[in-house]
Every structure is written in structure tokens, then in C-alpha cells.
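Next come two complexes, and both contain chain A; in the first it sits with chain B, in the second with chain C.
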Partner chain A sequence: MRTIRAFADMTMKMLLRRRTIYGISIVILLALLGISRVPSFDVGNEGRFILDFGMFGLEIGALLLAIGLAANLYPRDRESRVLLPLLAVPLSRAHYLLGRFAGAALVQMASLVAGCLGLVAVLAINGYAVPPALIPAALLLVVEGWFLLSVVFFFGFWTSPPLNAPLTVLLFIISQMSVREFVSLLPAASGAMKVIRLLLPHMDAFHIKDPIAHGETVPLLYFAVAAFYGLCYTAFILTVGLAVFRSRDLR
Partner chain B sequence: MADAPIRVTALTKRYPVRMGLGSVAALDSVSFELREGEIMGFLGPNGAGKTTAIKCVLGLLKPSSGRVRLWGLPPAHPSVRRRLGYVPESPDYDDAFTPLELLSLFARMRRLPGGRCDWLDLLARVGLSAWETTRIRKFSKGMRQRVSLALALQSRPSLLVLDEPTGGLDPLARSEFRSIILEESSSRGATVFLSSHLLSEVETICTRALILDHGSLVRQGSMRELLREENQWRLEFAGEAPASLAGRVSALPVTSTPDEAAGSGEYRELRTAGEDLQACIDELRSAGARITRVEPVYGRLEDVFLSATAGQREEEPERDQ
Partner chain C sequence: MRPAGASFLRALSAALFLIACALPGDYDIEDVAPTSHLGEPCEHDHGHGELQEAGHEHHDDAERQESTQTGMHVHEAGQRNHGTEWFFNQPWASPFIWPKMLRDSLVLAALAAVIALVSRRLTRRA
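Coming up: the complex of A and B.
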């Protein structure tokens, strides 16, 4: 654990010294500020509109952060030959993956928390109440971000960064679809499509922005189950990613 | 551990070619061993398989067949890793860090004792004392290579694996690099496995060398064995050589070499084949010449390398690791 912690610390410092994180974070904050200036069609419910779009913006921010932070980590380590002394001496491949993931996950979490605070500030500045369910919703958003990060790491082991980004976005889109929507893409192979969709993650489980925006109560158990599901899926993707990484020859 | 620091037995590494149709052998049944405390040079033309062999030794590549053992254990064994130092060819550490930060972070990862003062001493040793808190992005290639060496030396490794460590360095930096390697070997008894294209460097510091070509080991031995020209002897003598020797020696006389240690007077030297050596000595003596030295002829590593790798004259890109 100490080795992983030290490597995660190194990763975090490295990411915090790159411009990517600040660029994406500024875009997220500007988007949140911009939402309050967008005229709402639903007069009288502007607060709900800000909350709804704000959380959607944060979700897209989580996706951008995952790609921006992690898509280039492994390829860069390989190209710069830094991976070789790291893996030859202090780290095993599991240490490497977990350390890089933990470092990137912490940076992503910090950025998303900052985004959530920005959303709270936008709501408060415009005189709208902040629903208490925003806190667990933000935590779910962080879990979703970690899941997306694990997907980016997974694709990173067998694709190039330019391919990693569209694949992750594609998975992001598919995982928002219901089984029925997914099967409708290719009805001729409905059986296979159904199986594929059931195997792919169900990120719609993380989407509670609508009930929160509409002031509905979301039971805490739901948050707990959804977070558990997200963490389990993240662990699963990381495990598969590690298996792919271990099978790779570092030519 | 009494086992050899590196023992490679029948190591073969095959890489799949495109579409998985067949494979190409980057290493073909290579066997060698490093003894404790020696500096082994690892030579070969581009694409000979040197880096592949080093990566197999370090456990970064899985051999297709054969065995690699470091002190009798697999390369990935934690106790082996703790005793290893590795300098890859031109690594490009993240330029957001300073050398001191990198050393501290690596020390934490390796769970090494020691603190800031130790790392400052280490940076001074590799010639970076004035740059310890400067970000690596401002460093030249040579300075980055020094950072890499400092990281490799940090754990006071028993085995140093160096893959083209001085490539791209200026002569002064190369000389400093060599001094550090020699110091590691002489003062701490570290074993060094040095891959290099700089033959003069290998000739200067290595005790033994391996020459790899087309993935096969074509020559190995102590530096003296490798450099010794086959069946050639050098005779040094005082006096005149008889004309009858002309057919048996390669040059008569080769040079006039006054030898201070052997006394005053004019000395000459000649070269002859082993089978003619005794006859030459007899004839020189009967002509009244005084023989002052008889020794094998040593050539240059470059000649040995060129003759050993004479087969390879065309590049093989797919093997260029």
C-alpha cells in the first residue's frame, strides 16, 4: 500500500502541474456560470433548470476530466521510457495501475468537488435553495467519474489516445441507454444486442439529477447501492485492465 | 546468495509479425552469465537484440523459451528488484519535477531509508548539485541522463543494468559517467551489465564482453581473450634481425621501440604467427639479438566487433528493438 500511495502521490503532483486539469476545470466553471445566464423556458423554475443543467455539465466534466487526465498517462510513460525503470525496479504492474489510477482519481475528485461547489455558488448567487440531496448526488458523480477513469485506463492499454477518447465517449453514450433503446439500434440481432447491453455498464443508475431538480426524495439506500455498483464495476474494469496490461510485452 | 547476479539460459524471444502470421526471433537461444563484481559489456549492431535481452533480464519481457535468473531468482522477485538499478536509453522523466523531488518520490516507492541530505549528496555525485531544485524541463539530454543514473544508484544496487547510458553525452559527461560506474564496481563491488555502441568505452571499463548479432551470441569472453588477435605474437628484441626471418614475420622490423625499462639501446619489434614463434626466437638468438619481451598481440575492440558481426550488413527493421 505504501508503494501505491507514494506512486499515487507522484501521479497527483504530476497531474496538478500540467495545464490540462486547469483548462478543463475552468471550462466546467465557466459553463456553470453560463447556465445561470441561459434563459429558461420554464419560467418560475429557473433554479430547477440551473440544477438540472449544472449537474449535466458536471457529468460531462467528469467525462472530459477522465479523458484529459488519464488517456495520455500510460502511452506517455511508454514513449518516454519512464515505464521501464518504474516497472523494472520499484513497481509491479498492479502497483503502477493502481497508483496512476488513485492519483488521477483524487485529482478528478477534487476538480468535481470544486465544480459542485461552483454549482452551489451559482444557485446561491441567483437566490435559489440548494437541495440537501445534492451532496450524495455529487458523491455519485465522483463515483461515475472514477468509473469513466477506469474505462480510460482500460482502453489506454490497447489503443492510442486519439482512439481512447472516442471509445470512452461511445461507452459513455451506450451506457446511458436502456436495453430497449440499445436493441433498437440493430433490431435484427436483438438477442445479441440485449446480451451486450446487459454486460455493459448501466450508468443511468447514477442519474438522479431529474428527481433532485424536481425536489423529489431519493432514498439514501439508493445512493449507497448505486455507489456500490459503480465502485464494483470500476474494480472490475481495473482488474480486466490489469490482466491486459500484464499480458503486454513492453517492447 | 551465492548464485550469479545474472544467469541466462537458452533465452529465446520471438515477436509475432503482423496479423499474427508467424514470428521473428529477436533472441535465439542466448546463454550467458555475469559473475559477482564484474563489468560486462554487451555489444551488438542495431537490431541485434540487446535491448530485448536486457528487458528479458529485467522481467519486462516474457521469454518465449529459456530461463533468466538473477541471484537464482526470477527477475520479478521483490528481493531481486531491491538489488537492481536500471538506466534505460534516454528516459524522459516527467519534466514537471525537480531531480530532488524525483529522488524523494522514488525513495518512498522503494521504501528506502535516507533523506534530503542523502539525495543532495547523490545529485552532487552525478554532477547535478547546482540543479537539484530546477525542473527537469530545463535540462539538456545529458543532464536528464544524469538524473536517470542518480535514480539507478539511489538504492546502492548490487546489479546495475545500463542500456546505452552514455548515448548523446559529450565526452566530458561520458568520462564522468565511466568514473562513477568504475567506482560503483571497485568500491562497492557492484556488478555492471553495460550495453553500449561506444566500443572504446566498453574496452576501457569492461572486464568481459558479449557480442550479439542477429539475436545470437557470436562472441563472449574476457576483454583480453576477445582482444587477443588469434595466433599472433609480438617479439621485442635488441639488435639486428637476420634476413632469414623475413618470410616468417608480418613486418620486419615493425617499429623501433626504445624500452626504458629494459635498458638503453635500440629495440625492435616484430609480429609472428604462433607456429613460427619458437623458430623466430631461435634465429634471433643465433643472430646475436637479445629478446626482451614476448607477448600475445592485442587488437582493438572495433576490429573484433566488426569481424564478429561481419554477417550483418543489412538492417532488419522489425528486429530493431
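Coming up: the complex of A and C.
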């Protein structure tokens, strides 16, 4: 555990030295500022628009952060020949993956929390009430971000970085579809489509912006169930990624 | 790829196939929702001739006449109806789907543990 923590710390410092995290965070904050300038067209409760668009922006930000932070980690370690000496003595492959993931997850969480605080500031500056459910909703966004991060790590072990990003975005899009919608994409092979869809996560479980923007109450139990679901899926994808990584001959 | 890798990939394929069999296609909320969640269907012309759901509110005859003329009608705010069913068919509003989410989570956690153990064993053997 101490090894993983030390390697996660190293990963975090390395990611914070790069410009990627600052670039994406600035884009998220600029988008939130832009959202606050969207006119309400005289529709009551303009705060609803800011909340709805703002949380959507944070979700897209989580996707960008996952790709920006993690798509290059493994390929860069391999190309710069850092990976073999690391795996030769101090780290096992599981330690390497968990350390890299934990470091990137912490940086991503910090950026998403900053984005959420930005959304709160935008709401407060414009004189709108901040719904209390925004905090658990932001935590659910963090879990969704971690899941996307694990997907990027998984693809990173067997694809190149330019292919990793479109594959992750594709998975993000199709995971939002219901089983019925997904099967309707290729009705001729409905059985195969159903099996493929069942292996993909149900990311609509993380969609919480609609009830919050419309003032509906979401039970706290739901946040716990959805977060548990997201964490279990993250663990599953990471384990499959680890298995692929273990099967790789790095020489 | 090492020989252990090939046998691992076979084990992984089998595990993924098992997941596909273990998790039945019962996740679409509109397919599995009880009637109490969907509301009672009623036949009502919305201008597109489909079976729609309850929850419509026709305030008086004048409004009904106006609604019919313009092809519009009024629903009670915040209620489930044909226009808002997408909103109420989300997992947060469907408590009957939560046990399925828990079931899937536990299946995934168990599979993660099995895959981790199997891949570790295969790597050590190689």
C-alpha cells in the first residue's frame, strides 16, 4: 500500500507539472463563465439553465480530463524506457497501474471540485440559490470521471493515444443509450448488440443534473447506490486492464 | 504475447460471456417499470394519435375548446405525462431499478476479484 501511495504521489506531481491539467481546468471555468451569460429569454428561474448547462459542462470536463491526463501515461513510460526499470525492481504491474490511476484520479477530482466551486460561484454571483444536492451530485460526477479514467487506462494498454481518445468518447456516448436504443442501431444483429450493450455500463445512472435543475428531491440512498455502481465498474475495468497489462510482453 | 496471455484472453472471453449471460436484459426502465410507476394509460388524442398516459388536466370547456383548436393541451406542473416520461424514467426516479444496480455492482466486484486472481496466477505460472 505504501508503494502505491508513493507512486501515486509521484504521478500526481508529474501531472501537476504538465500544462494539460491547467489548460482543461481553464477551459471548464471559461465555459462556466460563458454559461452564466446565456440569456434566459424571460423564462422564469434562469438558475435552472446555469445549473443544467454547468453540470453538463462538468461532465464533459470529466471526460476531457480523463483523456488528457491518462491517455499518454503508459505509452510515454514505455517509449521513454522508464517502465522496464520500474517494473524490474520496485513495482509490480498492479502497483504501477494502481499508482498511476490513483495519482491521476486525485488530480482529476481536484479539478472537478474546482469546477464545481466555480459553478457555485457563478450561481451566487448571479443571485441564484445553490441547491444542497449539488454537493452529492458533484461527488457522483467525480465517480463518473474515475470510471472514464479507468476506461482510458484500459484502452491505453492495447491502443495508441490517438485511438484511445475516440474509443473513450465512443464508449461515453453509447453507454448513455438504453438497451433498446442501442439495439436499434443494428436491428439485424439484435442478439449480438444486446450482449455488447450488457457489457457496457449504464451511465445514465450518473445523470443527476435534471432533477437538481428542476428542484426535484433525489434520495441520498440513490447517490450511494449510483456511486457504489460506478466504483464497482471502475474496479472491474481496471482489473481487466491489469489483466491485459500482465499479458503484455514489454521487451 | 506470452502463452499465459493467450490462455488469459480465453479465460477473459469466457468471463465476459458469463457476465453477458448473468445480467439479463432487464434494465430499460420503460420495459420493467410497474404500472404504478408508469401511470395508467388512457386513450387521448394529442394530435399524433398515440396511446398516452394519464395526468392530463383539462381545466374547463373553454380551455379544452381552445386546446383542441390550437392542437395543444395543458398538464399539471411536475406530474408525469407523455411529455415528461423521459424525465421520470431516469434511474434516480425509479427505485425499483436500484436493486438491479446493486446486483450488477456485486457481480462486477466479484468478477473483478476473479479476473485479478486468475491473471495473477497465470502470470506467475508463466
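FYI, the second predicted complex is superposed on the first by the 248 of 251 C-alpha atoms of A that agree within 3 Å, B and C clash if a C-alpha of one lies under 4 Å from a C-alpha of the other, contacts with A are read in each partner's own complex, and residues count from 1 in each chain.
Criterion: contacts are C-beta pairs under 8 Å (C-beta built on N, C-alpha and C of every residue); 3 or more make two chains touch, one makes a residue touch a chain.
This structure is a prediction, so every number in the text was calculated from the model and none was measured.
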Room on chain A for both chain B and chain C (clash or fit): fit
Touching partner for A:Asp249 - first (chain B), second (chain C), both, neither: both
Which partner, chain B or chain C, touches more chain A residues: C
Where the C-alpha centre of chain A sits as vertex, the angle toward chain B and chain C in the overlay (nearest 10 degrees): 130
First, second, both or neither for A:Leu91, with chain B first and chain C second: first
First, second, both or neither for A:Arg180, with chain B first and chain C second: second
Which superposed partner A:Thr3 touches (first chain B, second chain C, both, neither): first
Chain B versus chain C as contact partner of A:Val82, first or second or both or neither: first
First, second, both or neither for A:Phe228, with chain B first and chain C second: second
Contacts of A:Met14 with chain B and chain C, given as first, second, both or neither: first
Chain C versus chain B - closest C-alpha approach in the superposed model, Å: 6
Intersection of the chain A residues that touch chain B with those that touch chain C: 249
Chain C-facing residues of chain A, complex: 93-94, 178-180, 194-195, 198-199, 202, 204-205, 207-208, 210-211, 214, 216, 218-219, 221-222, 225-226, 228-229, 231-233, 235-236, 238-240, 242-243, 246-249
Chain B residues within the chain A interface of the complex: 15, 52, 55, 58-62, 76, 81, 84-94, 96-97, 101, 105-106, 108-111, 148, 151-152, 155, 161, 321
In the complex, chain A residues that touch chain B: 2-3, 6-7, 9-10, 13-14, 17-18, 79-82, 84-85, 87-92, 249-251
Complex contact set, residues of chain C against chain A: 1-2, 4-6, 8-9, 12, 16, 19-20, 23, 25, 27-31, 87, 90-93, 95, 98, 101-102, 104-106, 108-109, 111-113, 115-116, 118-120, 122-123
